[in-house]
Each structure stands twice: as C-alpha cells, then as structure tokens.
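Order of writing sets the labels: A, B, C and D. Residues in every chain begin at 1.
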Amino acid sequence: MNGNHYDVAIIGGGVVGASIAFQLAKRQFRVIVLEKERVAGQASSAAGGMLGAQSEFSNESPLLPLALKSRAMFPSIAEELKEMTGIDIGLVQKGMLKVAVTDEEREALQRHYEFWKKFDGSARWLTIHEATEMEPNVSCDLKGVMYLPNDGQVSASDLSVAFAKASIVYGAEWREYTEVVNFLKEGKTYLLYTNHGTMAADAIVIAAGAWSAQILERTGISIPMYPVKGECLFVKTERPLVQATVFAKNGCYIVPKKENKLLIGATSTPNTFDKKVSVQGIKRLLEQAQQLIPSIRHAEWEKAWTGIRPQTGDGLPYIGVHPEYERVWIATGHYRNGILLSPITGVLVADLIEGKGSGEIDLAPFSVTRNSHVTHL
Amino acid sequence: MNGNHYDVAIIGGGVVGASIAFQLAKRQFRVIVLEKERVAGQASSAAGGMLGAQSEFSNESPLLPLALKSRAMFPSIAEELKEMTGIDIGLVQKGMLKVAVTDEEREALQRHYEFWKKFDGSARWLTIHEATEMEPNVSCDLKGVMYLPNDGQVSASDLSVAFAKASIVYGAEWREYTEVVNFLKEGKTYLLYTNHGTMAADAIVIAAGAWSAQILERTGISIPMYPVKGECLFVKTERPLVQATVFAKNGCYIVPKKENKLLIGATSTPNTFDKKVSVQGIKRLLEQAQQLIPSIRHAEWEKAWTGIRPQTGDGLPYIGVHPEYERVWIATGHYRNGILLSPITGVLVADLIEGKGSGEIDLAPFSVTRNSHVTHL
Amino acid sequence: MNGNHYDVAIIGGGVVGASIAFQLAKRQFRVIVLEKERVAGQASSAAGGMLGAQSEFSNESPLLPLALKSRAMFPSIAEELKEMTGIDIGLVQKGMLKVAVTDEEREALQRHYEFWKKFDGSARWLTIHEATEMEPNVSCDLKGVMYLPNDGQVSASDLSVAFAKASIVYGAEWREYTEVVNFLKEGKTYLLYTNHGTMAADAIVIAAGAWSAQILERTGISIPMYPVKGECLFVKTERPLVQATVFAKNGCYIVPKKENKLLIGATSTPNTFDKKVSVQGIKRLLEQAQQLIPSIRHAEWEKAWTGIRPQTGDGLPYIGVHPEYERVWIATGHYRNGILLSPITGVLVADLIEGKGSGEIDLAPFSVTRNSHVTHL
Amino acid sequence: MNGNHYDVAIIGGGVVGASIAFQLAKRQFRVIVLEKERVAGQASSAAGGMLGAQSEFSNESPLLPLALKSRAMFPSIAEELKEMTGIDIGLVQKGMLKVAVTDEEREALQRHYEFWKKFDGSARWLTIHEATEMEPNVSCDLKGVMYLPNDGQVSASDLSVAFAKASIVYGAEWREYTEVVNFLKEGKTYLLYTNHGTMAADAIVIAAGAWSAQILERTGISIPMYPVKGECLFVKTERPLVQATVFAKNGCYIVPKKENKLLIGATSTPNTFDKKVSVQGIKRLLEQAQQLIPSIRHAEWEKAWTGIRPQTGDGLPYIGVHPEYERVWIATGHYRNGILLSPITGVLVADLIEGKGSGEIDLAPFSVTRNSHVTHL
C-alpha cells in the first residue's frame, strides 16, 4: 500500500487543483492529483483568462481581498512557472476598458467607478474621446467607459498546464482519466476507490469545479452549486485592434491574445453540463462584439468552444473543510474567477492543510456550512 | 516517354474534372488528372450540393437545358457510382421550398413561378399555411413560397470523390499536388511541364475552376472570369427540422444533410481567392437562417468553411475548345452550379473529344470566343 | 412529474443502448436515453465495425447463436435504418480472410477452420496462391488463410447514430451530457438523479459499456468487469488494396472502408480508462499491418484514436435482470463484439422488458448472477 | 497607382520572407509581402526549429559563417520580437547531443567533433556514461555522443509569425492568398500581376521557398532546385524525457518542446510537392526515436505533418540578385536551415537592397550564377 499512500489526494486537475498541487508539492507534501479526464480539460482551458479583480467587483465582497491579493501574485508566479517549466503563461498587463452601451449600464458603471475611485486612484473615468484615443477601434457610440489599468490577463490553459507541470517538477503525481467513484475513512487514512484502482491518502482536496457537488453528494452532503455553461470564440485580425481588454457591462468581453487573436466571451447558460456550442450563443457574441469594436466584422473566424463553470448559491466559492470529514478540504465554486483566484486558492488551501490558518483573510464566508442550504443526505 | 504519354490530360481535380475523367476513362481513353492540391480540395467540397435546376433559373437561359438534363442524370449516376466505389453520394429527392421574405422578393418569386408554371406542372405556389404544414419549422412570417419537388440535393464531396474513384476503376490516373506550370505543343503532342516532371498528352482539358483563368493566361488568352468566395456552415439539431431544402430569394439556403445536420450557405464575395471565413459572413448566414427557420437558434454549431467559385463575365460557363490550340478543351466557370452540372459536363466534353458533337444541345453560348472580352495577350 | 415519467430509461447512448432504444420505441414504449457525454461517444464510434460472427469464435460458446443471428439481421437493419434516417450504415458483405503469420498461428487457424467446416460449408481453407489470387496485395509470406465469405462489416459510428436517430423517429428522447448519479426505487417507480435533474421511469436498462460497473456499484453489486483500451488508425491509399477484411490470428485486422481508407486495429490494453493513443500502439499496428499487406507502407496517414471496450471476467456479456432490483436490466460487457451483437441485444432486451422471454436462446450464461464473482457490497 | 506602389514587394510569406520584411520595414522601406496561401503556411511552420549551426556542419562551408552569425542573433531577436508582438518564440539554449548509433556513424561523428574541437572549445566528446548522466533517458546503446552546448532551438511557427507581426508593426503590408502570376518591368518599376490585382514595386524579393523555381522560370531562368518533403511528428510525455535536443547522425532528431512535447523529425523524400504523411515515414521516425530514447514508446501520440523544403543542386541557398533583372533579389534554397538562417538572411538582403554590401561575408557562393546549371529559357 506504501506505493499508493499519499499525504494529499487532490480530486480535480483544473487550474485550482493544479495550483493547490503546486503549492503542496513545493512544501514537500506527497501529492497525487486524480483527474477524470485530462489536465485542465474543462473550464480551466475554456476561460478568457481575465484577471478582473476590479472589473468583476462593484460592491464590497468577502472575495475582494482574495481577488486583489491573487492578482498581485501573477507577475512572480509567471516568472516562477516560466523558470520551472519553460511555459510562458502570457501575462499581459495592459488594463481593461469596462464599458456601458446603454444608459442603464452607464449608471451602473458609474456606481462601479465610485466604488473603486477611493481605492488606489488607479481607476479612471474616461470620456468617449479619451477612450477612442486610447483604443481607436472601440466604438464611439459607447455610453460610458471606465479604465482599470491593473486588471490584466493570462492564457488560461497555459497557466493551468504550467501549474501542473511545475507541481510535477516538485514531485507531485498526476493520474489522468482517473475518476474517484467513492472514498471511505479507515482509521486515519482515506481510501479512494477509482476506476484505476484504490489509493490511500491522509487528506483529500475536492477541487472538481462544476463536478464537485456530485462528489460531495457521495459523502452525504448536498451544497447549493450549479453549472453555468459559457460559450467563447476566437477571431483573428490582420492587425491588433485593441491593446486593453474591452469588457461590456452586459457581460461580453474581448480579450486581445497573441498573434492578433481576439477571444470573445462569454454567454451564461445555467444548469447544464451540455458542452455544445449553440447557434444563438455565437450569434449573440458576434453581435455584442461588433457593437463594441465595429471593425471586428472583418475579422477571420477561428473557432468556438464552451466551458462549464461552477457557480454557487450565493456566488462565493467554497474554500474550507468538509463539515463531516476532517482533513477533507473543499476548493470549488470559483465560477468565472477561477483563473484570477487560482494562485491565492493554492496558497490558502496549502496553509489550511499545514494548519497555518489563513492569516488576515477571513475564510468564514467561504465555509461549506455558511448557509443553511447544505443538506445532510 | 511512353509511360508518360496519355490520350487526355485533365488539369483540375474538382467535380468537373473528375466527371470528365470518369466519362473518358469509361470510353477507354487513357486519362491523367493533374491536381495542384487534393481531389475536390476547393469549391467541389465546399458546395451545398443543391440540384437546383429550377430554383436557380427564373428566365430563359442557354444553361437551362443542360441543368435539367444533368439533374435527370443523378439517379442513375448515384447507382452507378455506388456500385463501382461503394460511395453513397447522398442523393435526396425531397424538393425545394423557394421562399420570399420581403415584398420585392415575393414579386420576383411570383415571376419565377410564372416562368416554371407551364413547364411540367411540378412547380407549385404554396400558401403560407400549406408551406408550414409541409415544413412546420419554417417561419410563418414568409411572404411567398414556391415548391419545386424535383430539385434535390447530393453530398458534394462524396459525389466528387466518387467520380474520381470510379474514373480510377476505369483506368484513369490521378496526380495530386501536381501543378501544371506550362504546356507546349510539339508536333501533335502537348508537353505539360509540372512541378512533378513532364507529361505528354494528345489532348488537354482545362477544368481548374477559379484557377482556370490563370492557366489560360499562360496560353496567351485572357477570359472574363473572377473568383467568388462563398462561406458556408454546418449546424446540427436533435431532430430533423426540415425535409426539403429551403432556399431564400436573397441567396441564403438551408440544406438538410444526414445525421440532422443543416448546411447553411452561402455568402458571395467577388474577386478574392482568400479562403478565410469572416465574422460578418457567419453573422449574416446565422441571421438569415434564423429568419427562415426560427428554431435553428437552438441548433448546435459545427463548423464553417469557404469555397472559391469560378464566375464568368456573363454568368455562363465555358465549355468548348481553346481558340488557338486545337485539342485543348475548356470546361470551367460553372459558378455555383458545378455540382448540378457535373454529370452533363462530363458527357459533353467526352463527346467533344470523341468528335461526336453535342447533339441537340447548342454549345455556342458556352464557347470561349462568344464575347469580345477574350483578350489575346 | 408526468413530463418526466418514462416507461424505460436507458443509461448509456452507445450502440447497445441505441439499439435497445430503437426496439423499445418501435414497440411504443416511452423511452429516454441518458448519455453522460455524446451519442456513440466511446467504443461505439471507435470500433472497426467487423461482423465477425465466425472469425471471432473458434470454439463452442453460448454467444455463438447470438452472434450468428445478429449477423443475419444486418441486411434488413441496414435497409430499415436507411429508410428511416437516410443514413447508409456502410454494410459490406465481401467476407473475411483470417490469416496466420506463424506456425503456431497456423495450427490454431486450422483448428478454427475445423470448427467451422461442418457448419454451413461457407468457410474455406485457401492455399497461399488462392489467397493472393483473391487479394493480390496480401503478403505471400503468410502461413495459412481461412476465408469466411459471410463475415462482413459496417461503419460502426454510422450504425450507432442511425439506431439513435431511428429511435427518435419512433418517439424516443435522448439526453446527452446527462450523467446518472444515482437511482432509487419509490413504490413501483425508479427515480433517476442526474446532473440535469430528476427523472422517473418504470424500468431501467444499464447499457453503459465500460462504465456499467461503476453504475452497478452504486446499486450495491460489484461484477467482474474491466475496461480494455483499443487503439485503431486510418490510412488511405490511392487504389483499393483489399476487398475483404484481413484479420490476423494475432489480433491485428485491416478493414477496407469507403474512399480507399483502411481501418487498422486494434491493440488491447486492459484495466485502463485512459484514452491516449500510445507511440508503441501505433508502431505495433503499423508493423503488423505491413506484414499482412506490404504495400500499405505507401499509404497516407490519416489519424489514430482509441476506444474503451467493456470486458468481463469470463468473456461473456451480461444480458439480464439486476439481481436485486426488478425491472432494472443490464446489457453490457460485449467487449469487441458490440457492433456485431447490437441488433440481437436490442431485440432480446426489448423482449425481456415485454415479458416475452428469449425464445430458443438460453440467456442463463449471460445472467448477472452466473458466477460467484458478483459481490454484494 | 500610388496606393499600390511599394518600395519592395516580397514574394513568399515564410520565415525568410518575413525576416526580410521585418528588416526592410524597420529601415523605413515601404514593403508588401505577397503570399499565395497563409503566413508561414509551408516549411516554416513544419520545421523542428533547431538552431544547429554546429550540428549541421562537419566541414568547411561558405554557409558556416552565416550559420554562426545567425545563431548568435537569436537572443536579441527573441527579446525584440517579444517586445513588439508579445510572441515568445520559445528560444531554448540547452544544447544538442549529436549521437551515433552505428560504428560508421561513430567515425563520422568523431570527424565532426575534430572539426569543431578547435573552434571555441564548446564542443565536447562525451562518454556514454557522461551522456546518460546528462540525459538519463537517452539509450545507453549509443556508439558515440558529441555535446554542442550552443546549438539551441526555437518554435519555428512562432518565430515566423512574430517576424511577420513585427514587420506589420513597422508598417509592412501583407496579402495572403495572393499569388504572383507574372511580373514585368515597366521603366524603373516592376508590375506584379497577381490573382488579386496588379501591384507596382521598385524592387522584388523572391523568397518563395520550394516554389521559387517555378516563379523564376517565368522570368526566363531555370535554377537547380528541388523540393524535399520532410515528415515530422509530435508526441507527449508525462514528464520531460530530455533537456537537450538529441540529433542522430542518421538524420533523426528529437526536440523537446514546451508542455513535455517532443518533436520528432524528419524524413527526406526528394522531388515531391506532395504533402501527404506516409505510413512508412511515421514507422521509421518512431523506430529511430525509440532507438535513441527507449522510453518514448510510452509517450502519447499527438500528430504528424509534412513540410516541403527547398533544396538546391549544391546544397547552398541562393542569396543575391537576379541574373537578368536588376533590383530583383532572390533568397531561397535554405533547405533545412531556414529557421536558423532567417535572421542573417533578413539582414543580408536588406543590406543588399540598401546598397550596403555584405560586409565581411562573401556572398559569391550564394549567387544565382555561381554554377553553370542556371539555364536561360
């Protein structure tokens, strides 16, 4: 059994599981990651990769300190991962234009701006003239524009794979196509039954994204989580159309990627694990993108895809211990902030496992028992 | 030289070249097909495969008798090709709904109907009620509907490949990735210089689609031809939405293919060989398709592609002898009727080469010298 | 609940589930198929499509009558499915050459021939000369050749999709990306909890291929099943190299498909759900194929893929009722005969559900409780 | 005509054309690149990306100074292109193991080592023990190993695209799908007839790789050039197997790329433009790779592809002026050193066009008229 006995077994090989594996392996834990399909095979590869610590929040939220801290970690993470794996995670720090296309959106955007104005002075309200001077291809029919210079972006799949490869350099093991059917406690050890045999671990981390609820149900609890399908697409232009990410208040965003590709996302279809790209999803994204950057209509079509993002009842992720099993940790429900939050989540979960606590960060809002919706089956 | 001496060398391995090769090889000619890329690599694979002998014509045209004859050949061609190659060309004979979505289109459609009314009685003018009874998923906001029960469809790429494979069964040779750089007459023989060596043939057929003009220029003549890019796409539904092909007067068509796929085509961008799929092309096709069949918005996206179709100055193909070189034949410019016209073109060209003449069909309107636009370089 | 109440819920949308859905829907049952990914997304699309009722069996086996009956059903099934769905399942009835490449294999092949000799006289032992006369591209270094004229082949994915589409024509519903997490009996009804909500059904069929054991474990029983990965590849030749399927005694087979493609299969790697194509798998298949048909080395590479086949402890499928739940039926473990056995399995399971019994076929050898290996968890 | 009048028209958008466009645009020339298909669509994207300035040469050659100079340019080029385009060209400077697998190869390798020993002391002869200590996954059955620490590698397609994008930043224009049919001199201007209209330029650079001979033929000269097809493939391992590139004396090389991918190349099939991947090509590459790194057999198959490389009669590229047309420059025939030589070729051609001469580099060996094989048609 020794060969199959680990300090920590992580269920889920997406960006969150990979970041946790990276932090734990770096700290000498003997780690195994159990992934039912491929590394970063779901939402982690589908994501736009925006680091929208400011653009995603317009109100106080317990998630805010995590988002800001995590965003600040990217420059050093990028360097460390490049060094260890040779993978460039594509960190771009050219800011974000958050834009309104209707009067209602303009009002919401102004409140969003008021919220950040006091923060560090970086958020700026632009006139349309200033905006089109900064980004000449952005439509001059916009109703309002906020500029967030510190919200950058990365390549989501490169980040995920780099975390995984770096964890392997530190000694972590990965098993793809390995689905955990069940796990049982035997003394101080957890036995994990998978479709590729049984493994033993002292601790377990459930980081299975939208599939986490299903795993938790087998441990006897039901938490308020649901999948949200997001459709994205890639188009390609002859010249770069924008430097900054352009993010409309209605949810449509355009992220400039390398080789003059533009990533356009994302629709939101709740309550489905269906990974089909729909005709109406593509149509809507193309319409919205063209409203933001009219000359996108001349772009070349590349491809479309979907990701299934894990949303929770109150919109906050679950980061904490299982209510009934000690040393079973949960890290899921990051919805569309998984890429942004992956560095800090890795550190937080590793700290919890080491018994270090979360320092100045209050993890109570992310506890699994924070609301009455958890059902004991 | 014997091993490289052929009766006929066909330049171009699209559906027209393949059909000619099939007819000639069947008649015992020693045939070689020289294709600069792959069999049916251009417009022949990109086509929607409609057999629109009636839907494409609303006026007298010298092409009409060819179109009707060619359409009538499909059932036996389908059987013959299936027998020889095992390939099912996907012949579907469930008719076509030609529809109008504006008042102007309705008037044009009525004239189109008047034109065909006398023909064989098959064309029917449907009330919107009749149309939606026949095809319940077709929009009830249409302005006018004509039903053409005899305009069917095939799988364009299967047809093209089946012609090619059948020609090989009859002894034809095919050379892919073989570009003809030049050809010269030496006595009674033509020498073809290619990027894969030199070949000799007694006769040549130029059937290179949109690339024919370029080849003809090297023979000293310039004909009024230009490429027209067409974009198409595939979507997939859970259940069949339509039985018949739905073809709007504005050019958008929806062809039901096997496995509940719908082929939606086609845009028309003249004067480009650029094979990029554009954002605006996709957007327009999806809008038009949704106008015809609203529930298409729930369909699953499959893919998009383009074809470069060979159009001529007066819209008629060139089928005839080269004005300066005897035994150099030209068969090109079929624009978007290449699939429909391929069977008859194969027979006509084979007949010409055999010296049989074209029977009751008058080929004068298709001669290369029919208009003054041919320039001797 | 009415809208979600079905007569039968089938878990698994592969060829077996689709065939059962087709038979049940044809008999007016209200059927829903729950598929965790896509229709025919696993082994059903990966299969070579051989109908090896004779080539796969060289000894008495309870499976033999099923295999022969099922093979005999294909011509009429092909016609029925083409009629209903427009899909040509690619039935080819040009026989199979079963070949030996070593002396040991020759002896085994001779015993194989002895077994079938008495049967219907169709099996023939060929001299190498006869074999190469029949198939000139087959190596003349073979040690022994048996010809089985009645073992044909189909397109595995076309068959699977055609069953599914035909079942829909008869009223069956299909839910893709729908995973059954658990099911419970409530009175006379089964409640199926899925990642897309709850459904109710009077009866359940588990036809989930290699994933069936996992589902059965949640019902409290463990059966001796294991996955066997098989790698296959497609190559393409300019001319057809063989008419018949060539099947080596060592397991390598070459199946001629349309458009001069050759399907080469299959490796066998037990105990893995890993769908990666391995370097050594490709290397071995190419070596073995070249030994059978030397000129295959000039073929064009197309692609490689894998399928995960459901094998059982004694090599026989499970077709019968669940040992503890009445009206829960099991149809799985067809290993590499799933395509061949799909028609008969559909009929047998539909008969069982109708209470008709299995006629002259003895289903005892396929019962879930046939051996002591079933463990009650 | 003004809008279509350029200082320099470059025919060919591969890595050589792109590097020349980059240098010229940087020096304020008004440049247009005419590419018949896509940027870097042929050999430039297919290449392994080795910078084998020492591994490729074991004798004196006029190409040697260019190769060494060009290799030395990569670190600064990488930085400049990353800065301008955001594209990381994947420069890896971990050296190369040049290995012998037979006794004959060992002797040749020793002579190769003798040649470089005096150079700068960097080349090292390793014992098998040293070699396997450095690269534990390399076979211990090798017969001889030379280590070249300064021969690195890049991502060939990223380099090519980065050159193109950087040239655009400096003002160059690119036309894809634009084939030059002919060009004529009119006064001091060249008129280029393309399938997308006519353009005018004061100078022309022919950098069309394997297609250059065809273009030159239309200008009346025939040069001894021929295409050489090379097949390559990608496999993927769980952990990195090697740090350095492993390059066998028999031509097989294994280049470690990011994400644990290994690029295995390359076969050599002369005199074909055929881009099909052959069964025997794959088989041979897999056999050779497994001989060098046995554990590669467990790797995952990714894909295979081909490139058509431009070889010349004496193995040296053509870099110089057209023998009959002034201000028509030729830069082609780099065979399998196009990636390595692209930086220096860009600088040399830009210098020639500026009238600067080639400094200490003697370009006579690369002149188009260097040998009697040039034929005036």
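Everything that follows uses one rule, which is that a contact is a pair of C-beta atoms (placed from the backbone, for glycine too) under 8 Å apart; a residue touches a chain by one contact, two chains touch by 3 or more.
No experiment lies behind these values; they were computed from the predicted model shown.
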Chain pair with more C-beta contacts, A-C versus B-C: A-C
Of all other chains, the one whose Cα centre sits farthest from subunit A: B
Inter-chain centre distance, subunit A versus subunit B - centres from mean C-alpha coordinates, in Å: 48
Subunit A and subunit C, separation of their C-alpha mean positions in angstrom: 40
Shared interface positions of subunit B, touching two or more other chains: 276
Residues of subunit C that touch subunit B when the two form their complex: 85-88, 90, 92, 161, 165, 168, 174, 238-239, 258-260
Contact footprint of subunit D on subunit C as seen in their complex: 235, 276-283, 286-287, 289-290, 296-301, 304
Touching residues on subunit A, where the partner in the complex is subunit C: 176-179, 181-182, 195-196, 214, 217, 227, 271-276
